[in-house]
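Could you have a look at this structure, given as structure tokens, before my questions?
Order of writing sets the labels: A, B, C and D. Residues in every chain begin at 1.
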Amino acid sequence: MLWPFLLALGIHAAGGILALLFFRSNRAALAIGTVACVAASLIGVVAAGHLLLVGGAAEMQASWHVPVGELRVGVDALSAFFLLCIHLVSGLAAVYGAGYLGGHAHERTLAPVVFFFALLVAAMTGVALARDGVLFLVAWEVMSLAGYFLVTFEHEREDVRRAGMVYLIASHIGVVFLFILFTIFARHGGDFSFASLASAGAPSSSLANACFLLALVGFGTKAGFWLLHTWLPEAHPAAPSHVSATMSGVMIKMGIYGLLRALTFLGTPPVWWGILLIAVGALSGVLGILHALAQHDLKRLLAYSSVENVGIVVLGIGLGLLGQSTANPAMAFLGYAGAVLHTLNHGLFKGLLFQSAGSVLFATGTKEIDALGGLSREMPVTALTFLVASIAISGLPPLNGFISEWLIYMAAFRGGTDLHGAAAVATIAVIPVLALIGGLATACFVRAYGISFLGTSRTDATKAAHDPPLTMRVPMVLAAALCVAIGLWPDAALRLVERPTQVLVGVATVPDPLLGSLIAITRVSLVLLGLAALLALLRRGLLRRREVAVGSTWGCGYEVPTARMQYTAASFAEPILGPFEATLHRRADEEFPTAYFPREAHHQLLPGDLVGERIIVPVTRRALAALGRLRIVQHGRVQMYLVYILVTVVVVLLWQLSGGSR
Amino acid sequence: MTADHADVVLLVLVMIDLFVVATSRIAAAIRASALQGFSLALLPFALASDGTPEHLAHAALIAAGVLLLKAVLIPWLLLRALRKVQIRREVEPFVSLHVSLLLGALLIGVAFWASAQLPAPRAGTPALLVPVALATLLIGFFIIVSRKKAITQVVGYLLMENGIFVFGMSLAREMPFVVELGILLDVLVGIFVFGIVIHHISEAFDHMDTHTLSELRD
Amino acid sequence: MIEALLHLAVLAVFPPLLVGVIGKTKAWFAGRKGPPLLQPYFDVWKLLQKGAVYSRTTTWIFRAGPIVSLAALLCAGLLVPLSSTSAPLAFGGDVIAFAYLLGLARFFTMAAALDTGSSFEGMGASREAAFSALAEPALLLALAIVSVPAGTFSFWEVFASLPWATWGAAHPEILVAVVVIFLVLLAENSRVPVDDPATHLELTMIHEVMVLDHGGPDLAYILYGSAVKLFLFASILVHLLVPGPTAAGLSGTLALCGGTIAIAVLVGVVESSMARLRLLRVPQLLIGASVVAAVGLVALFVRGQP
Amino acid sequence: MALLLLVLVPALGGLLALAIKSVRIDLGVLLAVAVLHLATAVGLWFVPSPPLGSLLALDVAGHLFLTITSIVFLVVALYAIPYVLHATHDPQAAPHLFVPCLLWFLAAMTLVTVSQHLAVMWAAIEATTLASAPLIYFYRKKSALEATWKYLLICSVGIALALLGTFFLGIAASGAGDGAPPLVLDALANAAPHMTRPWLKVAFIMALIGYGTKMGLAPMHTWLPDAHSQAPAPVSALLSGALLNCAFLGVLRFYQVVLASGDAAFARTLLLVFGFLSIGLAAVFMVRQRDYKRLFAYSSVENMGILAVGVGLGGAATFGAMLHAVNHSLCKAALFLLAGNVLRVYGTTTAGDVQGVLRRLPLTGVLLTVAFLAIGGAPPFGPFMSELVIFQSAIRGSEVWLGILFIALLAIAFLGMAGVLLPMLQGEGAADQLPVREPRLSVVTPLCLCVAVFVLGVFVPAPLSEVLQSAAVLLGGGHG
């Protein structure tokens, strides 16, 4: 069952190259790229879905004339699941992109962005299919580079170039660790292939620890764990929205995939791995969502919330690890299942959110939340999809976000009841952390949705706004529908994650009570909807006979409220961020009213990134300065150059001959 | 002639080195290098003395080549170049001549010490060959790095070449004449190209001291 | 079947009474006669009769707000055992569903508030968001304290399995849970010391200010919903404090209601005996609650769970 | 006989070109010789020619480098046609010596690859210096003159040390008794076990430092950025793509002898030290480099370091080094040719003054991106594979930390290069800067090189890998 995936890969690549050949006509390039991507994605989704529901795995190896042996590809449930995410999200994004890029058609040739998008998807497919280190690294690097060229799509803008550079540096540093990791794997397994690695058995504990840490950093950089996340809030806003959707929806998830894949080779994990991952997840989740709350730029906000969601996934993985290391398959199953399902869910609603934000940008030309407002009138569809995604990403029933978080809660609870000592405390700690994340996420997305879509418009940027063209609306609505579907039928969703989780844990089947609970959740959701419908009908019935007046908002006595009197995003976030001020790095740009007749005054909080501005920027600056000082060596005086040579000769001679080699 | 004669020649070489270090006139330095070339030409005979006739013939050929190039052609080239560029004829060292003289002596000492560290090449090679070769080499190097004017640096390069050539002498009989000739020709062409470049430099910068030649840097 | 109907009946009818009880208690402390005990019912009924006035700026979200939040709260009410040992929609892990249904209700209340475009309602929404985000961990921690020893994450099983005879001795942590949940109750239901429902200065309000613009049936839904919320928290407390009230059918149900009334009185006492905290202090209170709960949980592990 | 032709044809061609005054005919000669040379060099793979006396013979390593040189030369010759005819951005150029010197340069390099006698090889390498010096002074500018002067002086002095090393080897051999062998490679290899160690050591050290100067190993590399940045594009391409390899071959010859002597440990150590020094120093200078041609020059230093490291590590790494020599020659030639295109349009080598190449010179821009990614070691291009081979054999061997240091330095170099090049490629040029038509040849030639590099990245033909393999074996390495 490998060929459909290879076929999809081929179609992606071919579509990209064809699009490149038709670079003279934007419409042609766009059409070719989109059609190819959609076709390939359909194949991929169907094949992956089939494999996930029916089961099975395949592997094949092509002897290949490269110095480091032959290449192997294969697919198992884990790969299949991520292939499902990849093709689902990027297929939708491709359709959306066709409409979105149409807006740029007049100003630049689109063939490159189409090509690199196809290349990105193809490379991600390659990563998921790779069964040996070399192919994995190649696909990984191609993926990162394609991502770079997509981020710098509008490279005439200074900030975009800078974002691209940050992205490039981050991903390149990350890949260094992966090189080391996979070469150590190769050393352990005898060659680069995963098969021989698996047959070589689990490495010694010290080696396993080293590999684990390498994987954590290497893949964590891509996935955007806290401390390694700083490229995300730069790159995602810079990229065109369908690209941000794909990058945030699936590309960063390849980091998760890599981590999971690496873990399958490392044998039974020691307890501290799980605890460490839980710590990382908690940090990423809480700080990620707090930074998201502090943002004024819609896409930056979404980028930070990706950090948060990756944190949630990592919490799940950490619980899974703890379950494995304490031989508690039920807990491991719950943790991994939650993590894996949340990757899919996040792919769906984060993709949807980026697409909706893109539509807003498309319609109003701004991403500033405080410049928007009242959009739900001009853009009803976008408002609806954004609302659905917001509820989902806040983890609220009856949508899909709730399901995955619920699974992780259950895992944490299982651990709390079954484990002892530090492990138990760590697992139970997940519960309040998740609760806090959930509460903050709700606040964050009520703010994002409410300020930009509700109330009245704050600037005239929104005056001419309107819903995007059909090509952009359809994928948005589809994604929203999927969010609802997973939320309403979680047991079906569990079927999807069952086999991948088994790859990780090795449990035979789903624990029965779990299925029961999931079906019960369906019941709860349906009851919820039923009650809502009932109450709505009742209300309508009551109001039918009464007169319903329309007036202006109650201003507590003040009769002429203006749009600028509305609560802004900044003021909304303030009481929430207050207790956490220390973790943020915000600079206030303010001018207080002075004298008796103050002319003007303003106050603005510029959100910064603690890690970025306190650690990374100073360190790099120092390093560069140090390097700069070294340049004096090349001073241009030929005599001194010759002296270098003489000195070298003397030093080397003394060194080599002093060794008593006479 | 015998190996002792060789030692005499070698001593002459060292003295010429010291003179080149000490002199303040470029022309004098060049003439000294010519003299050194001449005495180099004697060396093959001294070394081939115990050898068979064809060794002698070989030595004669080499000597002829050396004489022609190092004693006549190259000095002539250099003097011509010197005449072409109307410049002050002083060498303009970075360090004063007395100091450089002392340093030269020091370098000779280093050369002798170093050659003492190495095992003797083989039976029959003159005792002074290795130290003198090294000394000439080092002094040539010293002149290159301690002089401002391009042409003086060429002289230094010439001295280095001579020093290395002395080593070559000790292998003379293993070396096919073609190869020797190749090496000599290289030196000749090298000096020729140097001359051209110096000419261009003097035209471009209307003087040829090289510390203005340090615009290219990072 | 009977139990289910009884459950629905209790959920549908009983909650507003608690609001009346609180009112009475406060009035008694103030030495006033106070509104009649059934006043909340009258209010709801009157409001259901009225028409509605909507602001120009509002959209369907504003209208959906009260509906969805009431629906969510009632749905949550179907997870907590009221009439029997179990509950109509109970399942393994319904504790989380309960918390998140409350979250859903909050989401829509806040969205509706923001929909009016009024700065006051925005302010209320942001405060609500802030405080509930801090209350959430405390609530779940407290619930974890009681459910970890029970080895289940479902209300009815937890309540059924609490070692009643000597719970104080066996699990003093439950005391912590009770205290914390009571604090959360005050916060979630916007009572003193977190919020003052009786205030008339919008600037100091939290929950009330969010619903300024609602009127007619919408407001009725909201009032009723908040009563339900209060009732649910109260009944959870009762379940923790009193040995399995609902085990014994109808009488048990009555016992539960009695217990909730007692809680309501307690709330009234608190309200009349202490003043409202400064807004800036509220987060400290809630974080404190979480910390206390965490301590309780750690104590549980240190003592080793069964 | 063919060997002699390989050397003589270019040399005589040079004389011919010198005699003819017409530039066009000169270029014709250049092209003809280049084609002929490549044909012979390739042909010799199929019909090996007998060694010519004891001086000239073609072993696999020499033949490999000869072929690389020949290929690069042909490409450069093609590129040179539009470059010399109408594209020189600087009026005061001196084309009349251009073609002859190029041809002599080729002759000298060929001689390096085919000579078995170390002294002959030395003479040839010195000859390359002399032949290429006038090429660097193609543009009659003070800076070019300075670069030429430094190139001449530093390389001559360095090479002089190499000659000394050669003689030392002779002395060491003469210590081996039974009438010292001549300075022919196999004879030396046979005598190696009996050589007097100190002389042997000193000989290798001298050769390493001497030829290392020419090859651009730090800290003797100082001439390289100046020369490469001042020379016209085709010459820079040749210097980096062909000449450095030849100097490397010089080192390798001595390494062969040391290997034969049995204790090569010290040589490996030295190669590693100089290799890492070069990579590190180059990386430092590539970060925030102001001049893009200097940037490429430093990248050459880095890559020479990689070659040294590869050979020093031995085992599979040697194979990787050979492969990398091929990759680097192709990439770097392409990069310098493309730099020539950029320079022609923008008229400056200051990276800061160049922006929006992708907009103004779309083809050059794209190719430059590709070549940059390739030389930076990004898949799916050749250098990625060769560097991966070297890296993994380091990790697999006992030198785990060396491997980690290696890849870390490569990452720095890549990022440094990216930091300079990407801002040039991207961005809006000034408003008036419309896309420019580029001469077909000056784009097609780098294109071919890029394609070749790409092919090597995804697929190394069996015959080639056999050749590399046997070359590696010759240098005491081979598939680990």
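Before moving on, here are some points about what is shown:
One rule holds for everything that comes next: a residue touches a chain if its C-beta (ideal position, glycine included) is under 8 Å from a C-beta of that chain, and two chains touch if they have at least 3 such contacts.
Here the structure is a predicted model, which means the values were calculated and not measured.
Looking at A-B and A-D side by side, the one with more C-beta contacts is A-D.
Inter-chain centre distance (chain A to chain B, centres taken as mean C-alpha positions): 70 Å. Centroids of chain A and chain D (each the mean of its C-alpha atoms) stand 44 Å apart.
One simple way to say how far apart two chains are is to compare their mean CA positions; for chain B and chain C this gives 101 Å. Mean C-alpha positions place chain A and chain C at a centre distance of 36 Å.
Shared interface positions of chain C, i.e. residues touching 2 or more other chains, are not present. Shown for chain A are the residues that touch two or more other chains, namely 631, 634, 636, 638, 642, 657, 662.
Multi-chain contact residues of chain B (touching two or more other chains): 117, 119, 141, 144, 210, 213-216, 218.
All chain pairs that touch, listed by label, are A-B, A-C, A-D, B-D. Across the complex, chain B meets chain A through its residues 94, 117, 119, 141, 144-146, 210-211, 213-218. Contact residues on chain D toward chain B in their complex (touch as defined above): 55, 117, 119-120, 122-123, 126-127, 129-130, 133-134, 137, 142-143, 145-150, 152-153, 156-157, 160, 163-164, 167-168, 170-171, 174-175, 180-183, 196, 198-199, 202, 225-226, 229-230, 285, 289-290, 294.
For chain D in complex with chain A, the residues that touch the partner chain are 149-150, 153-154, 157-158, 161, 197-198, 201-202, 205-206, 209, 213, 219-220, 222-223, 225-226, 266, 270, 281, 284-285, 287-288, 316, 319-320, 323, 356, 358, 373, 378-380, 384-386, 388-389, 391-392, 395-396, 403-404, 407-408, 411, 414-415, 418-419, 422-423, 426-428, 458-462, 465. By the touch criterion stated above, chain A contacts chain B in their complex at residues 631, 634-640, 642-643, 646, 657, 662. Those residues of chain A that touch chain C in the complex are listed here as 373-374, 376-377, 387, 391, 394-397, 402, 405-406, 409-410, 413, 416-417, 420-421, 424-425, 428, 431-436, 438-440, 442-443, 446-447, 449-451, 454-456, 513-514, 516-517, 520-521, 523-524, 527-529, 531-532, 534-536, 538-539, 542-543, 546-556, 561, 563, 565-567, 571-576, 578-579.
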